[in-house]
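Heads up, the next two complexes both have chain A, just with different partners, chain B and then chain C.
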Partner chain A sequence: MDISKNFFELFALPVSFHVDLSQLSARYLELQKALHPDRHAHLSDRERRMSEQYTAYLNEAVATLKAPMSRAQYLLKLQGFDTTGESSVAIDPMFLMHQMELREQLEEVPDQADPFEALEELSDEVDSILKQLRSDFDAQYAAQSYDQAVATVRKMQFLEKLSVEIENLEDHLDD
Partner chain B sequence: MALLQIAEPGQSAAPHQHKLAVGIDLGTTNSLVATVKSGEAVTLPDTNGQHILPSVVRYLNCGRKDVGLLAREKAAEDPYNTIVSVKRLMGRGVEDVRALGSEAPYHFVAGENSMPYISTVAGEKSPVQVSADILSVLTARAEESLGGELVGAVITVPAYFDDAQRQATKDAATLANIKVLRLLNEPTAAAVAYGLDQKAEGVIAVYDLGGGTFDISILRLNKGVFEVLATGGDSALGGDDFDLALATWVASELGIDTDTLGSGLARYLTEKAREVKEALTASDTVSVSVAHGDARGELTVSRDQFNALIDKLVARTLRACKRTLKDSGVDVAEVQNVVMVGGSTRVPLVREKVSEFFGREPHIDIDPDRVVAIGAAIQADVLAGNKPDSDMLLLDVIPLSLGLETMGGLVEKLVHRNTAIPVGRAQEFTTYQDGQTAMVIHVLQGERELVDDCRSLARFVLRGIPPMAAGAAKIRVTFQVDADGLLSVSAKELSTGVESSIQVKPSYGLSDGEIAQMLQESFSLAQEDLEKRRLREQQVEADRLLVALEQAIEADGNELLTAEERDMLLSEMAQLVALRNGDDADAIEKGIVVLSNESDFFASRRMDHGIQQALQGHTIDEIEEKK
Partner chain C sequence: MAYSDQVIDHYENPRNVGKMNDKDDNVGTGMVGAPACGDVMRLQIKVSDEGVIEDAKFKTYGCGSAIASSSLVTEWVKGMTLDEAEQLKNTSIAEELALPPVKIHCSVLAEDAIKAAVADYKEKQDKK
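So, the complex of A and B:
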């Protein structure tokens, strides 16, 4: 397998933030049928080991393209921008202020009269901001305004993290 | 057309011969073995016609042991030498198992790596050894009933088992001298048995409540592919806990002091509780009479009383269902079928709550005790190579996140729960002190952020890092999880290439040396026998490679090989055939390596060809159009 191929080419999909998830999933299954170690279980150890590596690569590819956040980061990586490590990109102070407010809101959730409702409200707000950022990214990437796209991904990272914390708190409240 | 004749006279090695393979459900309470016979998966009975083998081993002082029903009958009488529910001890340390208290009333001794050994009249037994004794009985039953040697087995494990518990199960199989074709998650096995039978498509939920473990898996079924979307559960929650809750209640109602309960009486009461629980499935009230030593009395238990005792436990399973559904990204309304597995799903309250949660009646028409073994047998049949045309494929996930300890006792996750396996992940770390030349790699599993709240899987040290300023060294740590869900970890310092790797053995596991020694002891074979055995193993390995290559050349040789390449492979194969028919195990082993190396290029061409075939019809034109 030519692993220098990018993940989009692997699934014969166009390089774009828009991914047809049902198509991605269908092709993933077709490739699994060709590559999975169980398909090679009665073959030699070498072939099985090789297929194990290929399947791991395939799994990484599908997971990367499935989630909007990792898909956006991968698209930027293809253009030579690494957004997975530490960053010095300056973020709009207004955005940061809003982030701090949202975090304060999250911290106060357990003390609310109806914590579930408060959490739901917060979660809806985070989702709607994320949706907006994704659509911003799509437009910026398509227009090859990569610096702006990088800044948008930085913002998405804040909200994705918040989203995880909201879920953790929900689990916690359930218990 | 066979290209080569590799069978010895009088010994058939025909490639399409049916191979004997079994599926084993190694349960907390009961175990089963199943196989595919003339196209149908069936569980295999013992000579008395019993299919279910209670997972109980009793060690006797003459070195003998009883496994199964006979042992279970003596559980209350001989509690310290009779090991029940050993699955709960698998992959756990001495401290963990002591915390189980009266559930595991054995005399534990800490072995190497804090591995708990149970002190019995027949000596110290590790949980791995006890499980191996159960497995041996099942494979012996299968070989006798099928009349031949098994090529391997698929052994089921709870989906929620962590790496240590999986590794311990695999070690038990090694000790019982079984080739493990795959460790298969129990709910996935059930989905196979159910899905193939019902020709189901779409999203299904498998709710699996066994004796000691609970699993919930959400799967998507699509043309023979069983794709696990998410899995969750509790590896220490099951029907045994129902029994325990009821036994504790009965004891307090009868004024028996549960704090000073002897193990014999504790066993007696839980056994009684189990009977009551089972009777309450059909009746609204059940009377129970206790007569064990000084403890005597009678009382009546109603189903409502029982329900109240287990309500909290059932609610715990539903919370796991909720979280797992969320992880799967599937809405509860999209779940088209709910399948119940495990004996504990017979409890009416469980059925009621599960159907309430999913908003639909669960399927209870399949035998919840046998369905896991049946599914495992179907996969074993495919993995043994008996079904070359089968479309069936199982895609599973890792149940718990895997990570590393970082500064401040925090866990950095490298592989998140519900990631599809096999998977490989790498991450770079750095040194935090000037001149630091070694780094401890501490591997953990679990969802919590603090090291202390996660399970410690392994610790190893990467040495030989060149002294540099803090933060200057770059150490890449790679996690690989194979299709059995087992982890291996390697670490490499990038500027010097210093490398260290480890097949993660559980912190409380057996070392490879210990396993080898126990194997030796259990066989007590003469040196000559061992050599014969090794020769036979190498011959089998050589045959497998030869048959695989022969089939590959037959299938793709014309398309993917030039005439010279084909001739080269055939002549290399002929050389291995010559070695294989000799009696030098070392020479055969070397020959296998040579032929593997020489045929590597062909294997990768076949893989690439497979990819092209899979994407045939999705052309670049199509890609261009969409741009």
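So, the complex of A and C:
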């Protein structure tokens, strides 16, 4: 396995936001099988350590490409844009206002007459915004409009966070 | 990572949580966000005719340090002139709250929020 390859090349996939997930997992299993440390009981310590490192690299690669969010961040990283460590950057105030409203809505869910319905409505809205952002990103990245793609990924990051909070509340309501 | 007592105090008893009418001429609203952690912060100021901040409110969705930073800023800016508020530095916030290095960005966010609120207020006055 060549760890100088990027994650897409590693799985013999085109560098694109579109990923054939079944091809990804098939290639992953193939590579993993060839690498599994237990199959190399006869190896020297050094060789076993390398095999373990490859396995870690492989696992990171598959996890990164599987989820749309980390896949988009990784695609931008390949072009020299890192959106994962940013703290304060200018974001469209209208977008932020809407994010505020969605979070207020989430906060009020437990007080609603039917919290489950209210939560589902909110969750549907967040999903549909995320879907739109993913499709925007796909088009922007393919067109090499990286500044726009970066702005879209930043928005995605806010919505993914909200998505996690919706799931947490869901679990909480179920208890 | 343990929060400092100051952060816990502001987190458990946040000062000045709330909302002002952002359509009012004497209200300035600052909306900022940190994409990496998904935090969203709204900081509002009510300004007197003499250019002094009479009241401040905030609402923050984020970690304890982000909430504490914005809560502290609303306390500090009350009674300040716009110029004084604009000069508020994130380092003083971080120092007061004893924020660890990984949470410094929360104080930066609060500084950006007060700057944005002052800018929004000034823009409104210019339009009058």
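One rule holds for everything that comes next: the second predicted complex is superposed on the first by the 170 of 175 C-alpha atoms of A that agree within 3 Å, B and C clash if a C-alpha of one lies under 4 Å from a C-alpha of the other, contacts with A are read in each partner's own complex, and residues count from 1 in each chain.
Assume a contact is a pair of C-beta atoms (placed from the backbone, for glycine too) under 8 Å apart; a residue touches a chain by one contact, two chains touch by 3 or more.
All of these numbers come straight from a predicted model, not from anything done at the bench.
Q: Check whether A:173 is in contact with chain B, with chain C, with both or with neither, and answer first, second, both or neither.
A: Neither partner.
Q: Please work out whether A:96 is in contact with chain B alone, chain C alone, both, or neither, and reply first, second, both or neither.
A: After superposition on chain A, A:96 lies in contact with chain C alone.
Q: Tell me which partner touches more residues of chain A in the superposed arrangement, chain B or chain C.
A: The larger set of chain A residues in touch belongs to B.
Q: Quick check on the superposed pair: does A:161 touch chain B, chain C, both, or neither? Answer first, second, both or neither.
A: After superposing on A, A:161 lies in contact with chain C but is clear of chain B.
Q: Which partner does A:83 contact after superposing on A: first (chain B), second (chain C), both, neither?
A: In the superposed model, A:83 contacts chain C only, not chain B.
Q: Once the structures are superposed on A, label A:29 by its partner contacts, choosing first (chain B), second (chain C), both or neither.
A: first
Q: In their complex, what parts of chain A are in touch with chain C?
A: Per the touch definition, chain A meets chain C at residues 83-89, 91, 93, 96-97, 99-100, 103-104, 153-155, 157-158, 160-162.
Q: Considering the complex alone, what residue numbers of chain C touch chain A?
A: Touch residues, chain C against chain A: 31-38, 40, 42, 59, 61, 105, 108-109, 112.
Q: Which stretch or stretches of chain A touch chain B in the complex?
A: Within the complex, chain A contacts chain B at residues 1-2, 11-14, 16, 27, 29-39, 41-47, 50-57, 59-60, 62-63, 167, 171, 174-175.
Q: Note which residues of chain B are touching chain A in the complex, please.
A: Checking each residue of chain B against chain A gives 181-182, 222, 225, 227, 319, 322-323, 326, 379, 382-385, 388, 391, 393-395, 419-425, 480, 482-483, 544-545, 548-549, 552, 596, 599-600, 603-604, 606-608, 610-611, 613-615, 618-620, 622-623, 626-627.
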